[in-house]
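Just below sit the structures, each encoded as structure tokens.
Both complexes below contain chain A, partnered by chain B and then by chain C.
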Partner chain A sequence: MEKIIFYILSAVILSLSLMSVLSRKLLRSAVYLFGVLTAIAGFYFLIGYHFLGAVQLTVYAGGIVVLIIFSILLTHDIDHQMPTPDWSRVAVAGALCVAGAVMFVQLLQGSLFSRVEAPEQSDLNTVGNTLLNPGGGGYLLPFEVVSILLLAVMIGAIVIAKQRHSVDDSSPEKQAP
Partner chain B sequence: MYDFTTLVQSIGNFLHGQFSPGVATALEWTLVILVYLALYAILGLVLVYVERRVCAFFQLRLGPNRVGWAGTAQTVADALKLLLKEPVTVNKADKLLYNLAPFIITLAALTVISLVPFAKGLQAFDINIGLLFIVAVSSLGVVGILLAGWSSNNKYALIGAMRSGAQIVSYELSVGLSLLTMVLLTGTLQLSTIIETQANGWWIFKGHVPAIIAFFLYLTASIAEINRGPFDLPEAESELTAGFHTEYSGLKFAFFFLAEFVNMFTVAAIATTVFLGGWMPFHLGDWAGFNAVMDFVPPILWFFLKVSAVIFLMMWFKWTFPRLRIDQLLKLEWKYLMPLNLMNLVFTAILVYLGWHG
Partner chain C sequence: MNWDDLLLMRHELQLLAVILIVTCAEIYLSGRDKSRIIPLSLALFGIHMAAGWLWPVEGELFGGMYRTNGLIHLMKSILDVGVFIVILQAGGWARKQLAPENRVSEFFLLIWSSLLGMYYMVSAGDLLMVFLGLELSTLPVAALAAYEVLKMRSAEAGIKFILTAGLASAVTLMGISLLYGSTGTFVLADLGKQMQGNSLEALGFIFFFAGVAFKISLVPFHFWTPDVYEGAPVSVAAYLSVISKGAAVFILMILLMGFAPLLTDLWVNVLYLLAILTMTIGNLFALRQRNLKRLLAYSAVAQAGFIMLGFMSSQQDGKASIIYFMLVYLFSNLAAFGVVQTIEMHTGKEDIGDYEGLYRTNPRLSLVMLLALFSLAGIPPLAGFFGKFFLFMTVASAGYYLLLTIAVINTVISLYYYLLIVRAMFLRKSDNPLPLVTSDGWMRAGLVICVAGIVALGVASGVYDAIYALCAHL
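Our next item is the complex of A and B:
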């Protein structure tokens, strides 16, 4: 049963990602991408990594794709279609893709994957304890570094968003004297 | 006394005894899907009826309280009207996305109710990260709304969708933070365990002030997240005709409609589970006799009683308060609810650290 679901999900991911690249309508590409990311979350649920699956749904499907769709809604009108590319560009891109695929398959065949019988169950307590453990096997330092990075990004975004107002406010004062 | 675990297990055992494991699992899934689809339809039907009645009482609308016995014919009329309407398709719409949008919204709404614990053992998907999963999946519905607004190729629909996007993305934060406050108190995200922690008192009673604040913050934010009045800006009739579903008619419109009502049920069910003790009966201190009488009422009845009380509260809000403006709406979230939520979260963390909680 799990095998069937695995193959269905794989087929969905492969076909939707192809459609997402090949579609000439921007918003449709975004929607196909939404499908791909949701199906990947399905994989995580299939192997029992519920936490990762839910994070995938919140961050990628619910967050990033919504942002992409939002920005597309702000930019284009509904009739907009990407122009059909020249055949030369199609040929070059196709050749590159095939070369990349061949290289990828070669690499995969060369490396040895070890088969894992029962994947580690990751309930929330394990995730939390590992993430916030300062001792051995814990990831407290990377966690804090990432949170500082996020804070910096947030402050930066606010500063950039506010800059126009502060310039507008200060410019008449500078001109006044 | 009323435990559904054995009943559910015996159905499972019967299926596994009769068929091979693969077929039995497939049958179980089909059974669960059918039950939830039926629940989805029935919830929609009942909530439409209740909404019409409550609205009629509040606003002195005479019709819905008079047709048929206690206004029951109103639901029949509404359903018939939806079924018989012509499904109009827009010529210059993006057909694929136009037809996909109601599907995405329905899927998100249907997935979330699978986590709701109706009684002990009566829950389809008791996952370790229950609350996180609910927040994750309910954030997918906005994609459907945005697509519906865009693909209709209609200015009103697009404005409605943009408003809805801004509103849902903002209010999701408050919903998540207020639930996080409660997670601090319960110490778990699993819905069945959250209910078990309330065996000696509901969180709204034993969670001190933070739980009460979190309850009202959750209720406000989630009403806004599911686009219900007084936060129904995305479909404000007086300015946007019908917002993001202006171009939808007949059954496709009914899908949006149903999803809104089922979302309302889900919000009420989560509020019940996290704050009001889920299917736990109401106990009053040491009154053994009173408690025994309360225990006699089946838990599933308790659950639906509490849920209907919360739903009534939400309808009360909708039909009493005037609709907000979009700037007021965003100001409410970012300047009042969010800071209040963060302060409440820190306050609760201190409380839990000192060990003063339930």
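Our next item is the complex of A and C:
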């Protein structure tokens, strides 16, 4: 049973991601992406990581996709259709992708993956304890570093979006008609 | 956990304190006093830098996620010196360009957050922290590259940088996941033990390497370098070319030489090829540049190739020669960028042709540029000569004579385009040379530190010995 669900989910993820990349309309890509992220949450539920699954659903499928869709709606041309790419480019890119996939499959067939013991229970208590544990096996330091990262990125975003009073522009592109 | 243990993280905590103080200053100072943030920032960072050199300690924190020792301490202190010079040189620019737009403190905050990311990256005990540090050191720089966002080129630089960086970190993450899949651990110390040297690990390592190579701007990953350097503000280009590159070189050194002994055969071959490609392509493209920022960008690519020479030996001499070269390169390159920045800020000119006859009007600036370029080219008795000399010694002692020959040829090529600038400044006469440029006091201080570094490192032999001794254990 688990195997069947796994393969169904994989098929959904693969086809939807392909469609998301290949679609020539922005909004459709975003919707396909939503499907991919939801299906990935399915994986987490399948292996019993309920917390991670819920986070995936709320943060990625819920938050990020909504943000993406919002920003698409704010662009002035929603119906914009990407131009069809040259056949030569498609051929080169396709050949590279196939070559990469073949190499990967060959590598993975050797089944060089090592087995990792999963923690027995992954309830909220364990997750919270691991996340905020300063000792061995805990993730307090990365947690705090991520918060600095978010702060820095927010400052960066603000400074780019900030209104300017004086404009000193000497770039040639700007002056060209 | 004992509170005293947090002293191990002194570098990071100090810098965090500096960041928080300047943030508060930004919030509480009224609009007119905002330009006071520049001296405040410089003073605070100067204290941080000076205090950073003291008391190197050794130990681990957070269950091995954070580790430090004498060598890591030295790396952080070197990065500190570089950042201090960069922000010193940026002081005048910040006052003139940023203060009227009320964007002074953000410039410092972004540079420091990026530096903090580098600290955590260099000190990382597992791949998760390496990746987080890499991200924290990269993302703020994208905002910095687009800092003059109303200039098209600057905005373009920012977009280009963030797209390439995003791709690079995705590839890095893929590599990390393959390494984890194969070994079942994130912890660097265990990673070395669990590795079997199979092809999955090799692929993971290559992917991981691609992300780091992007930051060092090694050749197949260098396409962003000239465009971003040209578009970004000069201080940011200087930061990218020295600090960003230095941190990436350090982490590569720690990972390759410290934790992945089984893959030695693989990466020696890969780096052998990349070093040749990077030096040659960087130099050949630099020959054709007329814009000084682009020229320095390609010269930075070529110098990255020289740095890779040090990786040919994973012994003590390889490590020491890399760190010593980084230190020398830091002073030389920052001096060159400082001169370009001064000229650009006051006259807006950045082509080689504009520098004709510079010596007649600006003798001191020309002299600084001369020293910087000679040091970059590796002319004795300046520091750059010894930096290259130790790298070449490493290659020779490892027995790669073909590589050595190519490196020497490349040095000669690089000498040609460095001398083109020198010829323009000293020998060419121009009907209307650039007017006398009076640099501000901060820039002058920055240039004086650089020149002192270039000259002193060439004379003082004790520095290399001290670094060599520290490199005994990584």
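As a working rule, the second predicted complex is superposed on the first by the 141 of 177 C-alpha atoms of A that agree within 3 Å, B and C clash if a C-alpha of one lies under 4 Å from a C-alpha of the other, contacts with A are read in each partner's own complex, and residues count from 1 in each chain.
Note that in this section a contact is a pair of C-beta atoms (placed from the backbone, for glycine too) under 8 Å apart; a residue touches a chain by one contact, two chains touch by 3 or more.
Values in this document were obtained by computation on a predicted structure and should not be read as measured data.
Taking chain A as the reference chain, the count of touched residues is higher for C when chain B and chain C are set side by side. In the superposed model, A:25 lies in contact with chain B only, and not with chain C. In the superposition on chain A, contact is made by A:70 with chain B only, not with chain C. In the overlay built on the shared chain, the residue A:134 is in contact with chain C alone; chain B does not reach it. In the superposition on chain A, contact is made by A:113 with chain C only, not with chain B.
Once chain A of one complex is fitted onto chain A of the other, the partner contacts of A:1 are limited to chain B, with no touch recorded for chain C. Applying the stated contact rule after C-alpha superposition, one finds that A:87 touches neither chain B nor chain C.
Once the two complexes are laid over each other on the shared chain, residue contacts for A:152 go to chain C alone; chain B is not touched.
Interface residues of chain A, counted against chain B in their complex, comprise 1, 25, 27-28, 31, 34, 38, 50-51, 54-55, 57-58, 61-63, 65-66, 69-70, 73, 78-79, 123-124.
Across the complex, chain A is touched by residues 1, 16, 61-66, 97, 100-103, 106-107, 109-110, 113-114, 116-117, 120, 128-129, 132-133, 135-136, 139-140, 142-144, 146-147, 149-153, 158, 181-184, 194, 196, 198-201, 203, 348 of chain C.
Against chain C, the residues of chain A that register as touching in their complex are 107-108, 110, 112-116, 134-142, 145-146, 148-149, 151-153, 155-160, 162, 164-171, 173-174. On the side of chain B, the complex with chain A involves touching residues 22, 25-26, 92-94, 96-97, 100, 127-129, 132-133, 135-137, 139-140, 142-143, 146-147, 149-151, 153, 158, 161-162, 165, 169, 188-189.
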